[in-house]
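Shown next, in structure tokens, is the structure this report addresses.
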Amino acid sequence: MRLTLKVWRQKNSQDKGRFEVYHLNDLDEHASFLEMFDVLNEQLIREGKDPVAFDHDCREGICGMCSMVINGRPHGPLTHNTTCQLHLRHFRDGETITVEPWRASAFPVIKDLVVDRSAFDRIIAAGGFISVNTGQAVEANSILVPKENADQAMNAAVCIGCGACVAACKNASAMLFVAAKVSHLSLLPQGEPERYRRVKNMVAQMDKEGFGACTNTNACEAACPKGISVTHIARLNREYLKATFLQEE
Amino acid sequence: MGWMSQWLFSSVGRKWVMAVTGLFLCTFLVVHLSGNLLTLIPDEGKTFNAFAHFMSHNWIIRFLEVVLFSGFLLHIIQGLVLMVRNRKSRPVRYAVHAAAPSVSWSSLNMGLLGTLLLVFLVVHVGDFFVESRFTPEKLGTDAQGYVNLYAEVVHSFSSLPYTLFYVLAMVALGFHLWHGFQSAFRSLGLMHSRYTPAVIWTGKVYTVVITAGFLFIPLYWYFMQL
Amino acid sequence: MKLDAKIPAGDLETKWTRYRSTVPLVSPANKRKLDVIVVGSGLAGASAAASLAELGYRVKVFCFQDSPRRAHSIAAQGGINAAKNYRNDGDSVYRLFYDTIKGGDYRSREANVYRLAEVSTNIIDQCVAQGVPFAREYGGLLANRSFGGTQVERTFYARGQTGQQLLLGAYQALQRQVGLGQAHVLARHEMLELVVRDGRAVGIIARDLVTGRLERHSAHAVVLATGGYGNVFYLSTNAMGCNVTAIWKAYKKGAAFGNPCFTQIHPTCLPQHGSYQSKLTLMSESLRNDGRVWVPKAKGDKRKPADIPESERDYFLERKYPAFGNLVPRDIASRAAKEVCDEGRGVGQTGLAVYLDFSDAIRRLGRSVIEARYGNLFEMYEKITGDNPYETPMMIYPAVHYTMGGLWVDYQLSTTIQGLYAIGECNFSDHGANRLGASALMQGLADGYFILPYTIGEYLSGLIRSGVVPTTYGEFDEAEREVAARIERLLSIKGGHSVDHFHRELGKVMWDHCGMARSRESLEHAGRQVAALREAFWHDVRVPGTAHELNPELEKAGRVADFLELASLIVQDALHREESCGGHFRTEYQTEDGEALRRDDAFMYVAAYTYAGPDAPAVLHKEPLQYEVVKPAQRSYK
């Protein structure tokens, strides 16, 4: 099949950037979206041009590294999907596809489609953990976790940290990412002792990084490759309120 | 008090303020609409003017008015602050916009809708509230000796541009409420498969009733005076 | 060079306990003065870095991805083994130890494997305490399932994303230390050289991948946790960035490389489909719990699977291995699939696939049970292939998955260079010639959480008076110069072919001639081809861009250059090992019914190689394996 790509090119963080148009012929509809970029880059290298830089690693939808806004949708038109698992059969022959990087002040562009998502790491460092040193753990089965809680916690813990929620949100809010971690850990008895500190510190760091606030549009949930529910955002709001009024001094 | 500013100036706390004031304003709309509907009673405005008199002379109501104004002010200021901050979170916009089908138009345009409502509010308050409260002599009095706000209302809606402006604002209000009502619950942390469907349903019914009510009055008076 | 594994004396059961009780310690005050570099942030790297930082060492972590959470451990699906015996089905530390030794085809060290089995239970405790949401029973207790190569249910899991959850646990522990200022993560940094002074590792040269700047980082010890080298085959289940560079630099600086030819081919992967294909996707081995593997009995049967009656299907694993059936170890399942495909009974367009059929299980348990167990895997399969596995059987084919070989380490996980440690998949350690399912996660975390933090103390306790290691040593100058020169050389070739072109060619040679079945002839052929390809690469590769920017092609070029050298070592080792064992199958050495023929008399040793210069073959050193507890026998899963 044939496709026309309109790709954001930006030399570095200082460059203003612009779109460039590329034409690709003879694509296999079973190729993945990133494999199409491999083909494009081979073509560019042959032509002596600079290949397109894009983040990717596992190519099986779990590492969270790939990140492209495809025709206005993070990770493309499918639901519960990552760019690396998007296949060309979901596009029309001859279609023009616009590809942009994640856009958020907290995710500055490094080059082309590559952005800096270290803000997420800093949010986790601010509180997205349970403080237990190696060796301090008790016997695993001495902690009982109701299956429902474990399942709910897992529903939140599947977050791959790709940032599609931020990319999709009109406010570039990181609430779904933060809420998923807060929810995961506050649903488990192990996370109980630090639950108030955690939510306050993580939200404070989130604000410091310059992410927007949540307007409850559900755009994040729709873009999330793992389908993490906005109910976790409500839980975060609840946890934050509780932390404000119930935390011991 | 550090904890309080930490809370209220966090993105989560700001949304809490929006939700609380928003829901409070929702209750005000019920009272306001109930009052407005009194203009429809065919008694030449007797009931309506009596009601308006009561509302402007009862001391409890006067106190609640201050609360109401604070609510409006908080909702507006906080809304504007959020709008500016949220826009700053994405300095470079996307070339192609495509919202997922599950994302409502209202939710994406709360700031715009709110701004429209703010403009309306300024005009509306200037027209009815300020006049009736501070320069009632301009409005004259009815048979009971109350300020004749009724005549002013009826007269206002004889103008097509004014009626259209009012109608437009009420449509904006409808979209604003469509998202705002249920969104407020989520910002307060209230979301559960058990009661959220009821919240959403209530929000929709509420929005339709309030919007339809507020739309009916200007249209009714406009067409009555053709 | 004499390889000393430094295995503590005494009973197998008490070796580790005694070692831990007698190993020299570093006081908390002194730990604060000691720097440790950890390269790689997967299960082994992140867990080690977090644990070392918790102890008080100053830790620097390097990873080439944009965040330590991306490391490829994240993709492990099925689960993690631990000898908890929660199912009361007769499991024990000894049994896990025995299964691992046997699964590895008697090519691993008893003492290491026993220790691994021993600490496996602590891992589960630790991960649960961190908040890893393992699957639970209704009573709130942990659930288990079974995995290939075992007859007990000892695998703990978090849906089909166990690796992800365990890695996030370790990552969060690491980020906590970052928040406390105890650890520093340098993401988008790649180690390009090891710095060795007087036989000791004293630091690394790393390239900041964003700016292209070369940086010197010194430390009292360097820990490599950089994963496997399966990408030498180009197509594998590894992530695109997985590479051998860090351990290859260490090898060239004097560290011995153990059993390079032991590579694992995983039986349940999605078949290959096109030339543009960049990777192969694994479907968790846990699918073999309920899926039945079959091909048509007749050659070239092109009917749809549903149209082939039961009597004309060959459930070849159940037929050949009735005791373990579909749950035989990976090497055996892979080879069996290759055999039936070689016979012309493979399915799919290319004939290089077998069916993995869930219809029986769906009939027996209902669709909802299957959905709960494998829902996300089925979804992933459908996403990639467009077929719905609830209705039509999956098609699978073996693919390169894991490398048992890696840097040779002793009982303390120390390489042959003092102060240089290797943990997780990048060492050769505990899996012998074949790794059992759900054991990689176990080993990575065992090394990182529970073994290295003790053993590294023995070395560091001797350095408490040394002060900060300066980066001004001549060795740093020289190492940085070498790295810069090599980058310059790669950029200056400006040839006619992309890096991927050479990588693909290399992969094809390795898969065809050094893959699931190897012979003297195929290996000698591979050796020649690899050498020619290496030559061609250095004359004809085209690397665009400059050294002073984010340049993914340059990164790849460096990695592929190292793969091209590693490939020769793999071939050399495969040629020398004239036996079949585990993942290494030499066609000349098989039993009458086509099973691997191990030759314990001649090859019961670890083959460790040291670098002897660019044109000389590597020097082989042998570490004999002594089995004091287990009696090696022909593996039988029949």
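Some points to look at:
Letters A, B and C name the chains as they come in the text, with residue numbers starting at 1 for each one.
In this text, a contact is a pair of C-beta atoms (placed from the backbone, for glycine too) under 8 Å apart; a residue touches a chain by one contact, two chains touch by 3 or more.
Here the structure is a predicted model, which means the values were calculated and not measured.
Taken together, the touching pairs link the chains end to end in a line with two free ends.
Once CA atoms are averaged chain by chain and compared with the all-protein CA average, the nearest chain turns out to be A. Each chain gets one centre point, the mean of its Cα atoms, and the points for chain A and chain B are 36 Å apart.
If each chain is reduced to the centroid of its CA atoms, chain B and chain C end up 62 Å from each other. Note on chain placement: the centre of chain A and the centre of chain C lie 27 Å apart, centres being C-alpha means.
Annotation for chain B: no residues touch two or more other chains. Residue ranges on chain C touching chain A, taken from their complex, read 47, 50-51, 54, 65-72, 74-75, 84, 86, 122, 124-131, 133-142, 158-159, 161, 164-165, 168, 171-173, 175-176, 178-179, 185, 187, 210, 237, 239-241, 273-274, 276-279, 281-282, 379-380, 383-384, 386, 449-450, 453, 498, 500-501, 542, 544-545, 549-550, 552-553. Touching chain B in their complex are the following residues of chain A: 6, 8, 19, 69, 71-73, 79, 98, 100, 103-106, 168, 170-173, 175, 200, 203-204, 206-207, 210-219, 221-223, 230-231, 233-241, 244. Within the complex formed with chain A, the residues of chain B that make contact are 3, 6-7, 10-16, 82, 85-86, 88-104, 107-108, 110, 179, 182-183, 186-193. Chain A meets chain C in the complex at residues 11-12, 28, 30-32, 34-35, 38-39, 41-42, 44-46, 48-51, 53, 55-65, 78, 80-81, 85, 87, 89, 110-111, 114, 116-118, 120-121, 124-141, 143-147, 150-151, 153-154, 157-158, 160-161, 184-185, 188, 190-191.
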